[in-house]
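The chains carry the letters A, B, C and D, assigned in the order they are written, with residues numbered from 1 in each.
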Amino acid sequence: MSTPGAPAAALTRAAAADDGAGSTPAAGALDAVRLALLRDLKLAFRKRGQLVQPLAFFALVTMLFPLAVSPELSRLREIAPGVIWVAALLASLLALEFLFRDDAYDGTLEQYALSGQSLTWLVFAKTAAHWLLTGLPLALMAPLAALSLGAPSASLPGIVGSVAVGSVALSLIGSIGAALTLGMKRSGALLSLLTLPLSLPVLIFGARATQLAISGGPLLAPLELLGALAVLGVTLAPLAAAAAVRVSLE
Amino acid sequence: MLDERLEVENLHLWRGERHVLRGVHFALGRGGCLEVTGPNGSGKTSLLRTLCALIYPEEGRVLWKGENVRRELPAFHAALAYLGHEPPLKADLSARENLRYWIGIRRRVAAAELDAALERVGGSSWCDRLVRTLSAGQRRRVALAGLALLVVPLWILDEPTTNLDTEGQQLVGSLIAEQLSRGGLVIAAVHQSLPPAVRDVRRLELSP
Amino acid sequence: MKWTWLHRLASPPYVYALAARLTPWFAWPAALLIAAGLWGGLVLAPADYQQGDGFRIIYVHAPSGWLSLMVYTIMGVAAAVGLIWRIKVAHAVAASCAPIGASFTFAALVTGALWGEPMWGTYWEWDPRLTSELILLFLYLGYMGLRAGIDDTQRADRASALLAVVGVVNVPIIHYSVTWWNSLHQAPSVMRLGRPTMPPTMLLPLLLMLLGFTLYFVALLLMRLRSEVLARERSASWIREAVSA
Amino acid sequence: MREFFDMGGYAAFVWPAYLVTLTVVVLNMVWARRALARSRAEARRRLDRRGEQP
């Protein structure tokens, strides 16, 4: 300690001001959520390689189908909704493994659980960051995949919308699976076994919306159902995921 | 306002097949310091984590200000700072960024306050480097700065002097002494004993 | 009075002893009912005017399907009780349910496929009920996989209980989405269970089988419950009694 | 009797279905008994070990 005088005194003063009443200028729940979200975004941009992986995976899987099935656009157009959604589902699953793992490893989750803030909100912030980093880019990439599979350009807004809404639900469902498998050594297969059956409704409604978008039909009904799933997910999934995180810390 | 007081009644904890905590009980009031000792595997960390209400004991309870901590968990956690084996730091953020997020989630903290805390632990020169480039001792110092910045009455520390040089250990001692003189409570699991700056230490010995 | 009864149900020694005492009271009636149901279903019931003797698969398919869903629901409820009130016995019930439910889900799938071949001309049809049943099997497998993946029993209990609760909330959503999806792609299925027009000679054996399977499940649950309760109890001296008996 | 086993031509479907269900029913019984036996053995082992180190 070179200068124990002034700064230390400042520290003690700050401490004295807060003494007794716990930590007084407490951060609100909103501050906490904002900071948790920003922290995850900043960390993700420091490790860009990990960000690109699910997107590259999505593009690759989409590319496999013309090679495996047929290069004819008319045939590809028929399977395009299925291809896009299966690829998006698998890509988001791939990214899920990283959702809590690093934080569990370095003790950040523990500090979250002991922060006095609602763990549910902090888990929600993490899931939101996860969606911004995988779901949203996937939605923005989906039109490219759709075009390469012969979808008409008029269908693109509908496709972006359905993938964007559906991936919200996928991230939320996935957060539960990711939290439940925390602390296991080889969790990849189990994570898919837990997450995929629960994701089927999203797949069904999402693929239907995409199909209607491509054929030019009214896609509001499946889109609304997707939205309902996303809302249900927002209200319930962070609760379950936070409880699962607490179990993993026991 | 009720007195800050931690009471532990008859804690029993099993980890798998092992009966780790067998009826641990103690009480600690304002300015009290408790040293938890015992060989490896005697349940020091388990005890600390049970006190933090991370682990649910099979039997017994932990009371804060006379109330079961389970009843008002967020309030108890807001009054508590826990430092585990490893400093809870992100390798890809700088020391300063780490503190800003870690502490900021719990309380608003001014930049000047951050600087002061970092200087106090001797980190002015390296606090903007990524944590992955810091030594284990430097990381421990960042964690200590965070501890001081949290400004809470109850500290629960797991081996706070690990990886620290002599000067760093003295720093731990003076931080704890200040916390106690403010009326705070400190519970620390240690291998040998807390630095000499800390006086009036009670000791709880766990047997394997 | 009522409350002491409830409290006793949360006490492992009491539950262990009670389960041992009750098991035969469920097992024997179950055996009798199933035997009677088999006799009625295979011999006494007339052949169906459309499906001939092929319809007799209903007497094993329907009870298996019924158990698969009922057991999952019981598992979810027991898991929720265990989570909320931290009752070990409730977690033990949930853990006991999974293998039983999974095996009957498997039976329902196989018998459904065997019924499908003569009726649809194919073993597997993406019929909404069969599809839901298949998803249910994966939900069971996920639950068991999660339990197997966590070494510590208490943590396994709580994590798998969360999954069971999430699953129970999701089962209706999954079933609805599968039905919705199916209605887009094909005509309603040929297979219809429990037609109200079923003559009593056909219906009665079915009811006997349903009741018999349910009682059999309770007997199995009680047996498994004993082993799960025993595995969760560490300190109590009653283990000595339980083991020596 | 032949008629009964023939199941009106559906024997190839009816009997396997019954067989599978019967197998599941019996196996469940066997598994449950085995699980109970295993837990009891395990509990006995735990008691023994605790007896050695009071």
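Quick note on the criterion: contacts are C-beta pairs under 8 Å (C-beta built on N, C-alpha and C of every residue); 3 or more make two chains touch, one makes a residue touch a chain.
Computed from a predicted structure; not experimentally measured.
Enquirer: Using the touch rule from the top, point out the two chains with the most contacting C-beta pairs.
Expert: Going pair by pair, the biggest contact count turns up for A-B.
Enquirer: Using Cα averages as centroids, what's the distance between chain C and chain D in whole Å?
Expert: Once rounded, the distance between the two centres reads 15 Å.
Enquirer: Measuring from the mean C-alpha position of chain A to the mean C-alpha position of chain C, what distance in angstrom results?
Expert: Chain A and chain C have C-alpha centres separated by 34 Å.
Enquirer: Counting only Cα atoms for the centres, state how far chain B is from chain D in Å.
Expert: Once rounded, the distance between the two centres reads 52 Å.
Enquirer: Report the inter-centroid distance (CA atoms only) between chain B and chain C in whole Å.
Expert: It comes to 48 Å between the two C-alpha centres.
Enquirer: Find every residue in chain D that makes contact with two or more other chains and list them.
Expert: Only 46 qualify.
Enquirer: Which residues of chain B are in contact with two or more other chains?
Expert: 17, 56
Enquirer: Which residue numbers or ranges of chain A touch two or more of the other chains?
Expert: If we look for residues of chain A contacting two or more partner chains, we find 250.
Enquirer: By the touch definition up top, name every chain pair that qualifies.
Expert: A-B, A-C, B-C, C-D
Enquirer: What does chain D use to touch chain C in their complex?
Expert: Of all residues in chain D, those touching chain C are 4, 7-10, 13-14, 16-18, 20-21, 24-25, 27-29, 31-33, 35-36, 38-40, 42-44, 46-47.
Enquirer: Note which residues of chain C are touching chain D in the complex, please.
Expert: Touch list, chain C to chain D: 34, 42-43, 47, 52-54, 56-57, 60-61, 64, 99-100, 103-104, 106-107, 110-111, 114-115, 117-118, 216, 220, 223-224, 226-228, 230-231, 233-234, 239-240, 242-243.
Enquirer: In their shared complex, at which residues does chain B touch chain C?
Expert: 14-17, 19, 56
Enquirer: Report the residues of chain C in contact with chain B in the complex, numbered from low to high.
Expert: Within the complex, chain C touches chain B at residues 86, 151-152, 234-235.
Enquirer: Under the touch definition given earlier, write down the residues of chain A that touch chain C in their complex.
Expert: Checking each residue of chain A against chain C gives 176, 180-181, 183-184, 187, 190, 193-194, 196-198, 200-201, 204-205, 208, 225, 229, 232, 236, 240, 243-244, 247-248, 250.
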